[in-house]
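In the part that follows, the structures are each spelled out as C-alpha cells.
Presented sequentially are two complexes of chain A, the first with chain B as partner and the second with chain C.
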Partner chain A sequence: MIAGSMLSYEGKKRTVLLLIALGVAVWIGVDAAAGGAAHWNRVLVRLPLLLTGSVSGWPITGGFALNVILSIASMALATALGTMMGLATLARFGPIRVPAFLLMNFLRNSPWLVLLFATLYFLPFEMHVFGTTIPFPPFVKAVIGLALPTAANFSEVIRGAVQSIHSGQWEAARSLGYGTGQIYRHVIMPQALRRMIPGWTNLYALLMIATALATVTGIQDVLTILNTLLAMENERVIVYFYLTILFLFIAYCYPIAAVARWRERAVKGESL
Partner chain B sequence: MNRTDALIELDNVRKSFGDLPVLKGISMFVQKGEAVCIIGPSGSGKSTILRCINGLIPVDEGFVRVGEHRVHEMRSEKQMRTLRHQVAMVFQQYNLFPHRTALENIMMAPIQVLGHDRAEVEERARKLLKKVRLSEKAESYPGQLSGGQQQRVAIARALAMQPDVILFDEVTAALDPETVKDVLFAIRELVEEGLTCILVTHEMKFAREVSQRVCFTDHGLIVESAPPAELFDNPRDPRTREFLGQVL
Partner chain C sequence: MFGLDYSWLADPAYQQWLLTGVVNTLKLAALSSSAAIVIGMLGALGLTLRIFWLDALIELFVEVFRNTPPLLQMLFAYFTLSTLGLKVTDPSTGLSVPLLSAFACAAISLSLFGGALAIEAFRSGIETMPRSIIDAARSLGYGRWARFWRIEAPIATRICLPGLTNILTNLFKTTSQASVITVPELMYYAGQIYNDTFRTLEVMILVLLIYMVLVSILTFAMARLEAFMAFPGYGRGH
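So, the complex of A and B:
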C-alpha cells in the first residue's frame, strides 16, 4: 500500500507488467513439471517449420518469416498509397480532395478481414495489360488487401502531422514568396515527417498483427502452417502451439511499439 | 496609372471576417524611405492592414498598391509572389523554420524563391547576421535561441530578400523586456538607412523616436495620422487622447 503510493504511474505500470510476466513464467514452470514439458517438446520440434515453413528451418518458404515479409511489403505499398491519399485529402481543389476523403473514410471504416476477402475475390488471378501478363498470386493479393486499410490510416497520420504545423509557418513562407508546392517541400514536410514517425511505427505494429488474417488467402503463413500441422498433433498440444504463436507476435511487435512510444516522447518535447 | 507617387497606397480598404467588419475604409500613403508606425487598441485592425498590403489577406473592397503591384486585383497566390519579393514581413511569433539553422533560415528563400547563387546568398546572409549582431549563432537552430535572438534572425531573413518595404507586426510583443531593446536597435538601424518600414507596435516611446508618422487606428478606421511629436503631444481626436492616456 505504502510502496504503491510511492511509485509513479510509470513505475506502477512496470510493476504490474512484471507481475504478469512472472505469473506466466511460474504457470509455465508448474505446468511443465506436471507433464507439460512433453507438449513443449512437440512445439520445439515444430518451431523451425512454424518460423520458416521448412522442417529444417531452411529455405524460407513461409511461416512467421512470411508474415514479416508480408508486413514489410504491405507497409511499403501502404506508405506510397497513403502518402498520395493523404496529400490528396489536403488538396484545396475539391475534385481531388472529396473523392480522396470519401475513399479514405471508406477504407478506414471497413473491417480489415472484409477488405482482404474483397481483394481476394475482386482481383483476378492474372491481368493482361498490353500483351504482358501480370499475375496476382495469393501473396500479392494479401499485400494489397492489407495495404488498403493501412494506407487509409497512414493518410490520416499524414494529414494530422501536416495540420499540426503552426499556421505561422505557412504565413512566413508565403510572405517570403514561396508557392504552395514549395512550402510543402521545403517547410511543412520536413517538419511533419518527424511527427509522422510515431504514428507510422504504430501502424506497422498493427499491420504485423493483422498479417495473421492473411491466412484466408491461403498463403503459407504461420497460421496456415499451424492449421496443417495441428491435424497431425495430439489435441492437448494445441494450446501450447497457439501460445507459441502469440508469443512470436508479441516478441516481434512489442519492441516496435516501444520504439514508437519512445519516438513519440521525443517529438512531444520539441517546441517551435 | 498610379494616383500618387507614394510607394504604398491604400484607399478605402474594407475587410470583414464573416460578419465582423475589421477594416471599415482604411486610406493611407507611405512614401519611399518613410517609417510609419500604426498604433491602437487590440482588435482595431492593425495587423490586418499589414496583411492586406502583402496580400496574405485579400481585401473585400478598396484599392491597395505597392509600387507597380495592384494588390487588390490579384486573385491567386501565383500573382502575389512577385509582390512578396518586394514586401517582407516580420511576425510577432518570429515564425522561423525550426528545422533549419539561423543561417539556413536566412538563405532559404533567396535561393529557393529568387534563384540567387548560393555562394553569393551565403555571403549576404553572414553579413546580415553580423548586422543583427548574431554572427556566432549562425549554426544554431531557432529552438536554441532566445526570443529576441530569433526575432533578429527573422529580421535578417526578411532583409535577405532585399525588399523595398518591411512590415513589422508587433515584433516585440512576445519578447522578454530585456531582449526588446536589441530588436528595436536593429529596426532603428534599418529606418536610419532609409528602408521603408511599416510598424505595428505597442512601444510608444519607440514609435515616437523612430517614425516619421504615426497612425492611430480604432475600430477599423485610421482616426488620426500625424508626425509623432504632434500626435503624442497634441492629439486632436478624443479617441486618440483616451488611448494615449491609458498607455502612456
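So, the complex of A and C:
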C-alpha cells in the first residue's frame, strides 16, 4: 500500500485499470491452458477473413476493413449533406428553413435500422440519368442509409456551433457590408469549424458503431462474415469469436471517442 | 394515393401483428429505459463517492458498452449467454433450454447500453453543478445527506434532463435492432408483413411513421417534464 499512497487519485485509477487488463490477460492464459487454446486457434485461423474478407488477408473484400471503409464513405457523404441541411435550417427564408427543419427532425427521430431498411428498399437496383446508368449495389445503399441519420445529427452540430458565435459578429460584419455568404465564409465558419470538431469526431465514432447494422443489407461486413463462420463452429468457440469482434470495435472506436472528448475540453468555455 | 397499396392494412391479422409489435416495442423500451435510468443513477452516485477502484470499474463498464455496437451486444447476449451456463433443463422434455428468452436478452443488453450512456450524462450533469451552491448549503449547516437530497439531487436532476431525453430517444430507436434476434417487436412484424404481402415500400413508410409518432410523443413528454421542472437561472428554464 506504500506505492498506493504515493499515487495520485488518477494514478490509482489507472493502476486498477491496468490490473484489470492484467487479470484479463491472466484469465485468457489460464483458459487457454485449460483447453481454450484450441478455440483461440479457430479464431486466429479466421482472423484474416474477419478483418479483410479474404482468407489470405488480401485483397480487402469485406470484414472489419469494409466497416471502416463504409464508415469513412458514409461520413464524407453525411458531412456534405449535413452542412447543407444545417445551413438550410439556419436560413431566414421560411420556404428553405421549414422543410429542412422537418426533414432533419424526421431523420433524427427515425431508428437507424429502419432508415437503413428503408433505403435498401426505396432505392432502385440501378438508376438511368441522362443515358448513363448509375448502379446501386448494396454497399452504396448502406453508405446512403447510414449517411442520412448521420447528416441530420451533423446538421445539429453545425447549428449549435454557428449559434454559439455571438450575434454581435453578424451585426458587425453586416454593417461592414458583408453578404450572408461572405459572413459565413470569412467570419462565422472559421470560428464555428473549431467548435464543430468534437461533435463531428463523436458522430464518426457513433457511425462506426452503427456500421454493424449494415449486415442487413447483405454486404460482407464483419457481422455477415461472422454469422457465416459461426454456422461452422461449435457453441463454445462462438463466445471467443464474439469477444474478438467486440474487442475490434472497442480498439477502433475508443481512441476516436477519447480524442473527441479531449477536443471538447479544449473548446469548452470558449465563447465570444 | 401515389400508387401505394394499403389494402393489406384492412386484414385483421396484419392489424393484430402491428399492434402486438407496437406493444412489444413499448414494453422493451419502457423496461430498458427504467433499468438504464437506475443504472445511470447508481453509476453516477458511485462516481461521486470517489473510490478509485469503483471509479475504474464504472469507467471500464461505460467505455465497453459505449464503444461497441448495441446490435453486437444483443447478438452476444442471445447466442453466448446460454453457452456460458445460463440455461435450465426443461422438466417436460429433458432438453437443455436457454434460461433467457430473446426478449430478456434484448432487454438486458439494451439496459446495460442505455445505462452506460446514462452514467455519462448524469456524471456530466453533476459535474456542471455550481460549486458555490454546495458551499452555500454547507455554510447553512446542511449535513451530507440533507445536502444531497435537498440541494444536489434536485438541481442535478434538472441539469441532466435534456441529456436524458437524448438517451431515452436513442434507446427507443435502438429497440428496433432487437428484431435481428427475433424479438417480436414492431420492426420484426414489419418484416413478417412485407414478406407476406411484398408491399415493402408501404410497410416501411408506415413503420417509419409509427416510430416518428412514438418518438415524438416521447420527446414531447420529456419537453413538458423539462418545462415543468425548470427553475429560473439554470439549464433551459428561463
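Keep in mind that, in the parts below, the second predicted complex is superposed on the first by the 239 of 272 C-alpha atoms of A that agree within 3 Å, B and C clash if a C-alpha of one lies under 4 Å from a C-alpha of the other, contacts with A are read in each partner's own complex, and residues count from 1 in each chain.
We adopt the following convention: a residue touches a chain if its C-beta (ideal position, glycine included) is under 8 Å from a C-beta of that chain, and two chains touch if they have at least 3 such contacts.
The model shown is predicted, which means the values in this text are computed figures rather than measured ones.
When both complexes are superposed on chain A, chain B and chain C end up sitting side by side without clashing.
Using the contact criterion defined above for the overlaid structures, shared-chain residue A:Phe117 touches chain C, although it does not reach chain B. Touched residues of chain A were counted for both chain B and chain C, and C has more of them. Shared-chain residue A:Leu213: touches chain C; no touch with chain B. Chain B and chain C, viewed from the C-alpha centre of chain A in the overlaid structures, lie at an angle of 100 degrees when rounded to the nearest 10. Using the contact criterion defined above for the overlaid structures, shared-chain residue A:Ala25 touches neither chain B nor chain C, since it reaches no partner. Contacts of A:Ala266 after superposition on the shared chain: neither chain B nor chain C is touched.
Judged by the touch definition given at the top, the superposed model places A:Tyr9 against chain C, while chain B stays out of reach. When the two structures are aligned on the shared chain, A:Glu171 is found in touch with chain B, with no touch to chain C.
When the two complexes are overlaid on their common chain A, residue A:Ala37 makes contact with neither chain B nor chain C. Closest CA pair between chain B and chain C after superposition: 18 Å apart. The intersection of chain A residues touching chain B with those touching chain C, taken from the two complexes, is empty. Within the complex formed with chain C, the chain A residues making contact are 9, 12-14, 16-17, 20, 106, 109-115, 117-118, 121-122, 205, 209-213, 215-216, 223, 230, 235-236, 238-239, 242, 245-246, 249-250, 253-254, 257. For chain C in complex with chain A, the touching residues are 50, 52-53, 55-57, 59-60, 63-64, 66-73, 75-76, 79-80, 83-84, 169, 172-177, 179-180, 187, 200-201, 204-205, 207-208, 211-212, 215-216, 219.
By the touch criterion stated above, chain A contacts chain B in their complex at residues 166, 168-169, 171-180, 182, 186-187, 190-191, 194, 270-272.
Chain B meets chain A in the complex at residues 54, 56, 77-78, 80-82, 84-85, 87-89, 91, 93, 95-99, 108-109, 112-114, 142-143, 157, 161.
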